[in-house]
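Note that subunit A is present in both complexes that follow, paired respectively with subunit B and with subunit C.
After this line comes the complex of A and B, so read on.
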């Protein structure tokens, strides 16, 4: 993991958190991680929290609302609002596990991160390590999440993880993940169907 | 306690009735003023200036341009650097635990020929007394405002040009100091600093302008009232924006006038304040603002044209409520919010404590005002 060049890409800093989720702020001008991607936050004492980007929120204010009514906004004004003005992009992160003393666990982190802690995008190596550990137990956090588009979050995550696993030689990982999802939702047909529909799209994109 | 709406009801009706009556009188005055404005424009300008100067009253002085005409913006607008400076202040209150005065000045710089984000710089200064220590005594609001004006010119002068493009520097509000040089060494010293700041900007050949939104000035009306002494009823109270509405088409400026005021003689010739009116609207709803410029800008057609085009372009950015975008951004970055003042006072209290000094308490009145309001269970 330490050799993965993408693992150290800082994408933002923590604004607020609780034991299940957190919100990070980042500059609108930077490349922030896409919906469903895996991020990690160093909590100190060899503990890192893992989470999935579950929402991306871009706030407005009075000036932006006035500017959108203007035809032909110049690039300078757009850059001014993205770079200089204090309106961060807010990334909501759903915790799905943690790593303590090098051991990955699919349980919630022992404590939430603190204000201004760094949020980093996980590279492929980190994604493979996290999703291979244990028996995909972390998928329950996605399926049980309230007020989130669970089917789409799961699909976005499985697309990222499926690609990483395939590129690292595990062609069967995606199938195992689908089996796990079906097992978890076998008594809930109403929720299972839209999830399977979303996953069918992922399967096509992965070419499996 | 809420307002006594029952008691206010008749006063609201009376207010509207008074407004209605004054509108009727006002329409007559306006009609007369527009006729006199046209007549006046055909008179010899030397004679108008002579009479106005003889009166000693605050008014407009016509220069070379025909003042019953309007002037369109230039067809082309060359790239330039635009600077906007704005300042805000914390005014010390005797009720505060630590009464401090602070000036916060911001400068925002945009290259109109580039797509890069504008550059911003902010200078915060706790006002100090003569011998260099922090000022614990209360400073007058006028003096702080004067120091803020000086600080705005200083931040413009401190800016280093990254290229050879012409530079336009905008400020919010008039260039003429309405705090004026009052009695006392401090006022005189700050006024001199202000004049020095203007002179330094003139030396750098900046196109300096003060943008006055919703001006209440009646400088043209006063000029007419002086010239047509016998027909001057109500003219001196007439706002220039009202007089020019319907005369000044959207996007066009008025003629340039010199400003005659009680403080005019305090400004050296090259720095004397001039002004023009500009209709920044893009439709039939006139929105006329006053733009103050110093003599070195007023006498340079290229600079006036650049300023004219630039102000319109800046106002267009803000859409349906035209106002120069950069001036708004300068204000946004300069303004000191209440919680920031509280944070600064906390930091000062901690430092005083760290250095073994007593931290005074806020007044009982302020403490009572800060009590939490009753809330729901």
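After this line comes the complex of A and C, so read on.
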């Protein structure tokens, strides 16, 4: 069930948020969603926020600091530390749109989620629905984000979305996305070229 | 008027430009879909703009995209996507005409617009010279057949003659024959560019249209009887073979002239009395005459008479002397010197002129008593609506050409002037328009001659006396500029020489753009139509002159007639 790509799976709960981004905490055992993948957070009143996993960080705690220098750590100790840790794994999420009364829009959610709201990884169906709505306007959030590895975030996202779209029969989606990226960045040669090179890898991986 | 918009797809959109600096169209696709000289239509709201492609430029939104091939860094497909957004071609269009097209035909505004025209509150829109420009992002198209017909006329209209086809899409381009003969016109191009073929075709069109008589000074015997193409060796039909002797007559210069082995319809023989002093003066350069010539000629006419001087002067002996009683040698009474002394003329000058005129005295086509007044016969035939090709036969020297064509033209112009004056004075019928065709026109219309010849008078006074010229030349730069600038319709094939190009474009708008186009025409069978006689400059590849052409000419009348009838039946008058 946890691995079924068609359904949304809860992966954690909200730690903190602002209008543009939020951070969720989850246990490593919860099989947290990969970098660049789409997640959604139910805000109540038929509104949910969509975001991309833009960073994953694993903070240390006192115990790890002690263990790290121990010469021979047993496998059970390692597993125990990972599963029962005090500090959660933190997922940073960059908001890219929302759904309100069933309508998807590529604008920021009207308000950020609240603490402990559930964060779910989107299944392929949801990924397709979100990425096909409108005309790829949400890519601007990725390209405009500061302090993020935009090229890699974009590549990771387009790999997930491109695969979902391909498997749902839209082979052209990926090219449309690239076209959009070029439109957004064509005035910045120095930025665009490395992004396209990263996307060339994705294309090869997708085999389309 | 309410023809469907375009069969063609938009090739791009207007991005910048102006009336003075041409319009710029960003092409959607590759540059090769358009060529220099293409006829371009731009749709902008209620207006259509017509222009000609004068340049294509490769552009990029950042030079780095152009300098580094994207394929070197990216896979094919991505590179394609990138190039499509960053590299493009700019088409430069020289705008020429605009036409109010009205609102969309199925809109409510359209019927109101149409009603205003039909009720006479608003003029029926007509193409007019550009006074405005299309808006940003107006769509540009390659002209469709309908656009070409809108501007250059419909091929089926009686006064229109298809002279060629647009370069890319082969839409027929017409010249209006009535307009063509309203002013003098010219056909230019380097040797072998197809001037003679084009002239044959145009003349066939004029003769068929039958609104003017045509007189061809056929220096190289090309137009009347069948000829053989020098490059392909194929038979080339002449105008008389095409139309028959009832319409086109071949006149041979000289009593026993044969043209390419056949006898002409009649012969042109000049009498001594036809040669006037001005005919001789025109030959100043050809005969290398001295400044004293005018004085001597004056004295000849004074002492011998305007129509007798030539005969008398010819009869005088050069250097004849007799011995007096006192054993002195004096000029004999029948000598040139004797006449000179008698009339107070410098003997050396008179003898010099006599020497030089010997070339004329010996011309077999100038005789004392011609069997008939063949000049008058020729003039009468033209007046009656026949067309004449005057073949010079073996008399192919410049001297023959200059003398005969000038003499004849002077007589003809005088005759037409008289007819015109009678007509204006209400005691005569309207003269039949006449087109005089001159090959190697620079021989007659160069700077030196232009002041004296009837040809330049005709070119300058336009159709005041119902006579216009069709000049054909490979060196337009040698034609007097004042004459050049009077030429209404100019049909120009490839020219290599800067001066020639400059001359052909004299007095026209958009010269800069047209100049490059002229120098890049195909060497054969491609011409630029220019000047007052055409609505806007356009590049066409010439219609083929072959048997098919003649079939078209022979059936065109009927086809045109039937069509007119059909339209009448359908729509009433």
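The rule is short, and it goes like this: the second predicted complex is superposed on the first by the 201 of 208 C-alpha atoms of A that agree within 3 Å, B and C clash if a C-alpha of one lies under 4 Å from a C-alpha of the other, contacts with A are read in each partner's own complex, and residues count from 1 in each chain.
In this section, a contact is a pair of C-beta atoms (placed from the backbone, for glycine too) under 8 Å apart; a residue touches a chain by one contact, two chains touch by 3 or more.
Quantities reported herein were computed from a predicted structural model and do not represent experimental measurements.
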Looking at the superposed three-chain arrangement on subunit A, would you call subunit B and subunit C a clash or a fit? fit
Centred on subunit A, what angle do subunit B and subunit C make, from Cα centres, as a multiple of 10°? 160
Output check: A:146 vs subunit B and subunit C. Expected answer is one of first, second, both, neither. What do you get? neither
Touching partner for A:204 - first (subunit B), second (subunit C), both, neither: second
Between subunit B and subunit C, whom does A:18 touch in the aligned arrangement: first, second, both, or neither? neither
With the two structures laid over each other on chain A, which partner does A:79 touch: subunit B (first), subunit C (second), both, or neither? first
Taking the superposition on A as described, I'd like to know which of subunit B and subunit C A:187 touches: first, second, both or neither. second
Applying the touch criterion given at the start, work out whether A:196 contacts subunit B, subunit C, both or neither, answering first, second, both or neither. second
With the two complexes superposed on chain A, say which partner A:67 touches: subunit B (first), subunit C (second), both, or neither. first
One more residue to check, A:45. First (subunit B), second (subunit C), both or neither? neither
With the superposition applied, I'd like the minimum CA-CA separation between subunit B and subunit C in Å. 48
Subunit A residues touching subunit C in their complex are 175, 178-179, 182-183, 186-187, 189, 193, 196-197, 199-200, 203-204
In the complex, subunit C touches subunit A at residues 61-62, 64-65, 73-75, 77-78, 81-82, 85-86
Listed in rising order, subunit B residues that touch subunit A in their complex are 110-112, 114-118, 120, 316-321, 325, 328-329, 332
Any idea which subunit A residues touch subunit B in the complex? 63, 66-67, 69-70, 73-77, 79-80, 82-85
